[in-house]
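Okay, got some structures for you below.
Paired with chain B in one complex and with chain C in the other, chain A is shared by the two complexes that follow.
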Partner chain A sequence: MIATLLKRQATALPILLIVSALLFTALRLLPVDPAAMSMPPNATKAEVEAARVAMGLDRPLPEQYAIWIGQVAHGDLGRSIHVRRPVSTLLADTLPATIELAVAAMLIAGSLGLSGGLILFALRDNKAEPLAETATTLMMSVPEFLWALLFIFVFGVALQALPFTGRLDPGISRPVLTGFLLFDAAWLGQWKAFASALLHLVLPAAALGIAFAPPIMRVLRASLIDIYHEDYIRQARLRGLSETRILLFHALQNAGLPTLTLMGVQFGILFGGSLLIEVIYAYPGMGNLMVDAVRNADLPIIQAVGLTYCIVVLTINAVVDALYHVINPRLRAR
Partner chain B sequence: MTALSRRGLFGLLAATGLPAIAQAQDADTATIGWPSDVAGGWDPNVRFAPDAQSLLKMVFDQPMDQDPSLKLIPHIVTAWKMAPDALSLELTFRDDVRFHNGDKLTSADFAYTFMGRLKAGHKLDIANSMRSVADIETPSPTTAIMRFKTPSPTMPVWLAFLGSYIVPKAYMEQVGPEAFAQKPVGTGPYKLLEYQMNARIVLERNDAYWGPKPKLKRIVVEIIKDPSARVAGIQSGQLDLTVNVPVREVARLKALPGLTGELNPIQRVVLLQVRNDEGFTDRNVRLAAHHAIDKKALSQAFYGGAAVPLSAPATPGTPGFLEDYTFTYDPKLAAELLAKSGYSVDKPAKIRMATTNGTFPSDFDMARAIVAMWKKVGIEAELEVIEISKYFELNRGNKLPEATLYGFDNATGDPEIYAGYLLNPKLPFSPWKDPVLGEKVLALFNVADEAQRIAGWRALNKEAAETGATMPLLQSVQTLVRKQSLNFTKYGNGWILGQTFSRG
Partner chain C sequence: MSILRAENLTLTLRTKDASIPVLRDVSIAVAPGRILGLVGESGAGKSMIGRVLSGLLPPNMAVTAGSLHFDGHDLLTEPKRALLGREIAFIPQEPMTALNPVHTIGQQMHEHLARLGVPAGERQARAIAALDSVHTSEALLTRYPHQLSGGQCQRVLIAMAFASRPKLVIADEPTTALDVSVQARIVLLMRELQAKAGTAVIFITHDLRLAAGVCDDIAVLYAGRIVEHGPVAEVFAQEGHPYTRCLHLANPPLSGPPRALLSLPDQMPGLRALATLRGCAFAPRCPVATADCAELEPGLSVLAGAHRIACHHPARTAQILPPTDDPHPIRLPGDAILTVANLGKTFRNGPFWRRSETRAVHDASFHIRAGEFLAIVGESGSGKSTIGRLVTGLETPSAGSITLAGQDVTTPSAKTRAHRIANVQMVFQDPQSALNPRSRIADIVTQAMEAAGRPKPERQARARELLAEMALPPEIATRVPSQLSGGQRQRVNIARALCTVPRLLVADEIVSGLDVSIQAQLLTLLARLRHELDFALLFITHDLSVVRHLCDRVLVMHRGEIVEAGEVQTLFAAPRHPYTQALLASVPPDLPL
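For the complex of A and B:
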């Protein structure tokens, strides 16, 4: 199984190289001048030109790419033009926050999706089924930024039940260890910070995750309907197994395979979709960093964030592949 | 579309009239919702970022300062003497200033900040403002003499402007600029306690501060870029003060119990930067374009009438402002000027115009209104929306269109920093490249006598308007909403300083 998995992951490196080349070329074709962007308004033309040479932008494109990819291979992602800090430091500061947000959003999407899928399945051929389907369609139709603003209004402004800016209350100091705030707070035993971080995560994660739940519900429902037509379900009933036991130990395990695949794909999309949510909730993640970088044409950051997204998607694919092998006995047998 | 939908949603929600409810918060802490972060981390010499000045001024001190009316005042520098030829500047420093790490501030720190760092190869924006500095002598720990390559009469002003913050020589050399930007050490009224980029800045009172002690112990700055979220933040009580919210929201929020709102005119000029070629080669077309703009109507429509219409690139109260000069709104004259050059409503002069959308309040809407005003007199403008990064890119490449709507910030109010940059043909920043006016601009940089210098810039401001080299529109407005329980000192340039906050 491990050999099969490794073989599948061997394609990751060429994919990464292709994406990096596309990313680099596309950004260099944009009509922006990073050298000019890096200088203050009262810089002279000669000073801008000197900056261009210092940044290597006067060299041919393939040479620039070779230098960049060589540096990336050595862990050097360059220096931000606007912030003037190493990009690797900026990523290290923001990536954990985005991962934390995306995981929380996926947990919300997964919980809602799985429980909703079971409810939809239970309501099949029921009078309430059209109502439930309408509800899922509504959940999918509302864009995430609208959910974000609605949640802010309802839970932040009107009910004043939940915070909606940043990651912590003003009076609480941030525990610093790994950047994963919940983990850091728990590890250091700072439970007040943990509770505050958790409360701050609820609204952005819900806004990000809610639109991803309905597809999970629908796939799970459809898979369960298919599986309940299989012979082994009928045989299980003949053996006198309870409906609950059939659902939990026979049907759900098999119906979970396509659902898991879908969630894997969704996680990649959800990770990339955090941009707007992070801006609205003033959440200090990679999305916020990217929005700033695009606004300032900060090419080193855009390149690095693009590459990071690619690595995250490839990693998620690898994890889903591995889980698929663990869950699916037919693949394990190969 | 997204922005419109968001605005629409909040407008709808606002109609419910939900009150702002004050959250239980530590009275010794104020939480500010700020639209942008410090650019360049916490190394204050690295980037020129007007919106970051309020944040930097809480942690660092500048050699000179400005009072709320923007008058240049002593600060770390207690006395200064500019040589008659403006080729040297003698400075005397306070003797009781200590950095947050306990080190005493001396003239060596000043010399290191403005000269030593540049010699050490640190990449700093102050390299541009200190371009004329040849040497800085430090005859004693409390005195320094700056020597210039060319006359630099505005150097005292620059010592209170962008990027001019004193950093500690010993600490910077010990830890390096990278570590300094993470753990900065200043002499300011607050110390940086915690920083998370694009998210949160926590400042704690510097109890050893040499000046008046801040009343509030802690200032928390939440970086909230989305204006709708800032509005929600202040309405929910999660913020004590926020700025740059939509003008119409100020009126709504200030009506809620516990909140108050203000439209404060600041030292930022909203203007049209113009070219002297292409569709604007003809002076008649340029002047017609300027005469056709009803600035009062723009102010009324987009700033509730709070933005003062401008005729020259200087704001009221600054030395370059021309109290007795008005560039008239006269659409009839505009049509006549265009007719002289063979243009009319049926045969319009064609130009291109660029604007940002969201860089300053109502920029895009204002640009559309100007295009509509021009159309009525016989100028057809093709409007292009650009990002601010694109603006800088086009400006540097001298590729801006005939007219570009822009907000030019000058916290000092000095006329050189308005016209001297907007119309300087040697700087890539100016799209106006006419050598005749350009020579006059460059000459004024070398005038040492203060009265003569100011008179020169005033004359140039008028000439620039009358030749169509610039089209100043309005004095920009800072929108601000705060809890009534939080008091602050209002500065003419929009600084919001935690050290001026008080409760009650």
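For the complex of A and C:
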């Protein structure tokens, strides 16, 4: 089964190469000169030219790409032009924060979506159904940055219930291990830091995840309605099984298949969408790194973040694919 | 002493503007160890009786009169779920979809045994014993439903149904979705288990012949009422109700001299018509109805002994005879129009590095002469449909050649396409999905002219002609498929293929899934059209009696190969290949005329 799963991921590497080539070409076509930007403003033309040669920018584009991709394959993502630190260090600092945020947001979207889907399903053909429909449409039509501002205003400013900047309270020392704050704090037993990190995660994750819940609700509701028309559900009833048993053992796993596909797609979109939320909540993740890099035309960072995004999406695809095989026996090798 | 007794049961469907009696005054009783057959065409209400018993009725339906008692329980007032699966068990129509696809057979067996209260430690042994009782191996326990055949799935479901030693089993068309040879084995199995435990069985079917072979008692339903009821021996010794007689005569016989089919006009009244029905529901179609039949509804009265019918004129039933004269003398077939030589088709699955091959058709050679009706019979997976698809160019052969009207059309290409379209047309099995739901009937039947760029008035005129030829009312030209009945849709489906009068028609299972009376209408229509339009037919089917009625020659296919071929009458009278013999033997025998 593992071999089957690996074979199904055979397309991942070519995809990664194509995306990296696109990314590289697009960035080289921008009217920015990384060599000039890396030098102090009073540098002479000759000094800039020397820097250009040193950075390899005088070579043909395919050769530059080959050099870059070779370095990437060895784990060398280059140095940031602006902050003059290795890109890999910058990524190591920010990627775990963004993953933490995205996973938390997906958990919120998923749990809201699944419970909401079950409620919508229970309300089908009920008078309250249009009301629930309206609520989900509202949830979906408010953009994430508006949720973000709304949450800051209500829970942060008016109620003063939750923090809304950064990942930790200022007075708390940061547990250092993997970069995943919740994990590190729990592993090292720093429960005060854990609580603080958790509280800091609530508002950005909720703002990011909430708009993703309604599609999950609708797909789950629609799949459940379809599945309740299936013969095996009727046969289960004719065998006298309880409705709870039918829902949990027979309906949910089947209805979960299309829902899972949707959540996989959503996670990719959500990961990219974290950028705006990170800026609003001053959350030190990959999004903020990217925004700064774009502002400074810091090409090595932009390239690395773009590539990371692609890898994350491919990884999610692989995980969803594996999960699909676990819950759908028809896909397993016969 | 009956285990189940329904008296004057009336089931009503409430809509916004009417209450429609789906079942009226239904009284049945089943004793332990006996099998009661409920027979009727679709819409007669036979499955509704099962739904009333289970209590799983749609929310807009309710029992409005009568009583229903099972083993001391009043099923209309007491909650039924505790009885379901324990005392009353159900065997479904579609075994492949009645098992949950994401759980193994073992998981589902265990779940069922847990619900029956079998302690966890004994469940595995009980599951194995249950599978053993239906003559299947315990290896099935670790498999998923999609890994099983339809017959195996049905065995599992039967094992589950009988696992609790229920007092009553309701089997709703349990063999309809299965191949003929599997059908016979499943019926035998049910009888064996039922006889062993003395279970009462309600056997719901549309197949009069099957019911005659399986059941002890029989109740024939028409438009929600029982029109004939009694022990099988008495009912078939003297069919009392004209409807039963007509159903019988609409069935093509499998032995004896070929006879024309009795083709009932129209169809059973639909649900809406039931609300305002007056007189006998069958009167408009009844060949022997009199004026008073349309006025007064007959009650169920005793004909002889336990044999009861609902008819004013039982004496007239015997006057219904099969049409004797054959108005369409068959022309002698002409030269070969289609020649297929050493045809093979292998399907390749999977990517190139781990390709698996399925041999669907192997070394098939046959020909069809102009005006000849040739049948291909076989069970599912025998390759018969693949041959149809190869001949029409929907698939490309892996080996061999196809010659159509003098031109080699083996490989579908732009060059052969026009020639093929002019000479071959295909009728698909399911008119529901073969007809575009948004197109008007006039546009559907003249699709071939649209492709040829014919002007609209010409198409309109041709549509009128075609509808008239199909004996369809002209006003349906402006309707869409969903406004038609199943039989009408299949005629539209055929009309479309006949639009440009092809020389060969390929028809894949076009009468299966239709009610017997509708099937008789279609078969009679095809015979008439053959006489009028003079086309050849490649008729793909699993139904042997239909082949015997309609076709001249037959090819028997088994696992992708033609195992026997010959004239229909000769081959059916004396099959030589063991597979053909087995196939013929598994069809329920004809009823006495």
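Heads up, the rule we're going with is that the second predicted complex is superposed on the first by the 332 of 334 C-alpha atoms of A that agree within 3 Å, B and C clash if a C-alpha of one lies under 4 Å from a C-alpha of the other, contacts with A are read in each partner's own complex, and residues count from 1 in each chain.
FYI, a contact is a pair of C-beta atoms (placed from the backbone, for glycine too) under 8 Å apart; a residue touches a chain by one contact, two chains touch by 3 or more.
Just so you know, these numbers come straight off a predicted model, no measurement behind them.
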Superposition on chain A - do chain B and chain C clash or fit: fit
Which partner reaches more residues of chain A (counting touched residues only), chain B or chain C: B
Which superposed partner A:D33 touches (first chain B, second chain C, both, neither): first
Partner chain in contact with A:T165 - chain B first, chain C second, else both or neither: first
Contacts of A:D231 with chain B and chain C, given as first, second, both or neither: second
Which of chain B and chain C A:R174 touches, first, second, both or neither: first
Chain B versus chain C as contact partner of A:L241, first or second or both or neither: second
Which superposed partner A:F151 touches (first chain B, second chain C, both, neither): neither
First (chain B), second (chain C), both or neither touched by A:Q253: second
First, second, both or neither for A:R295, with chain B first and chain C second: first
Touching partner for A:N328 - first (chain B), second (chain C), both, neither: second
Minimal inter-chain CA distance - chain C and chain B, angstrom: 43
Complex contacts: residues of chain A adjacent to chain B: 31-33, 36-37, 39-45, 47-48, 82-86, 90, 93-94, 145-146, 149-150, 152-153, 156-158, 160, 163-168, 170-171, 173-174, 276, 279-284, 288-289, 291-292, 295-297
Complex interface listing, chain A residues touching chain C: 230-232, 234-242, 245, 249-250, 253-254, 327-330, 334
Residue numbers on chain C that touch chain A, as the complex places them: 54, 56, 81-86, 89-90, 92, 94, 97-104, 111-112, 115, 144, 146-147, 157, 160
Sites on chain B touched by chain A in the complex: 2, 5-6, 9-10, 13, 16, 18, 21, 23, 25-26, 29, 31, 33, 39-41, 43, 46-48, 123, 125, 128-129, 162, 178, 181, 193-194, 196-200, 202, 218, 220, 222-226, 228-229, 232-233, 235-239, 387-390, 392-393, 396-397, 421, 426-429
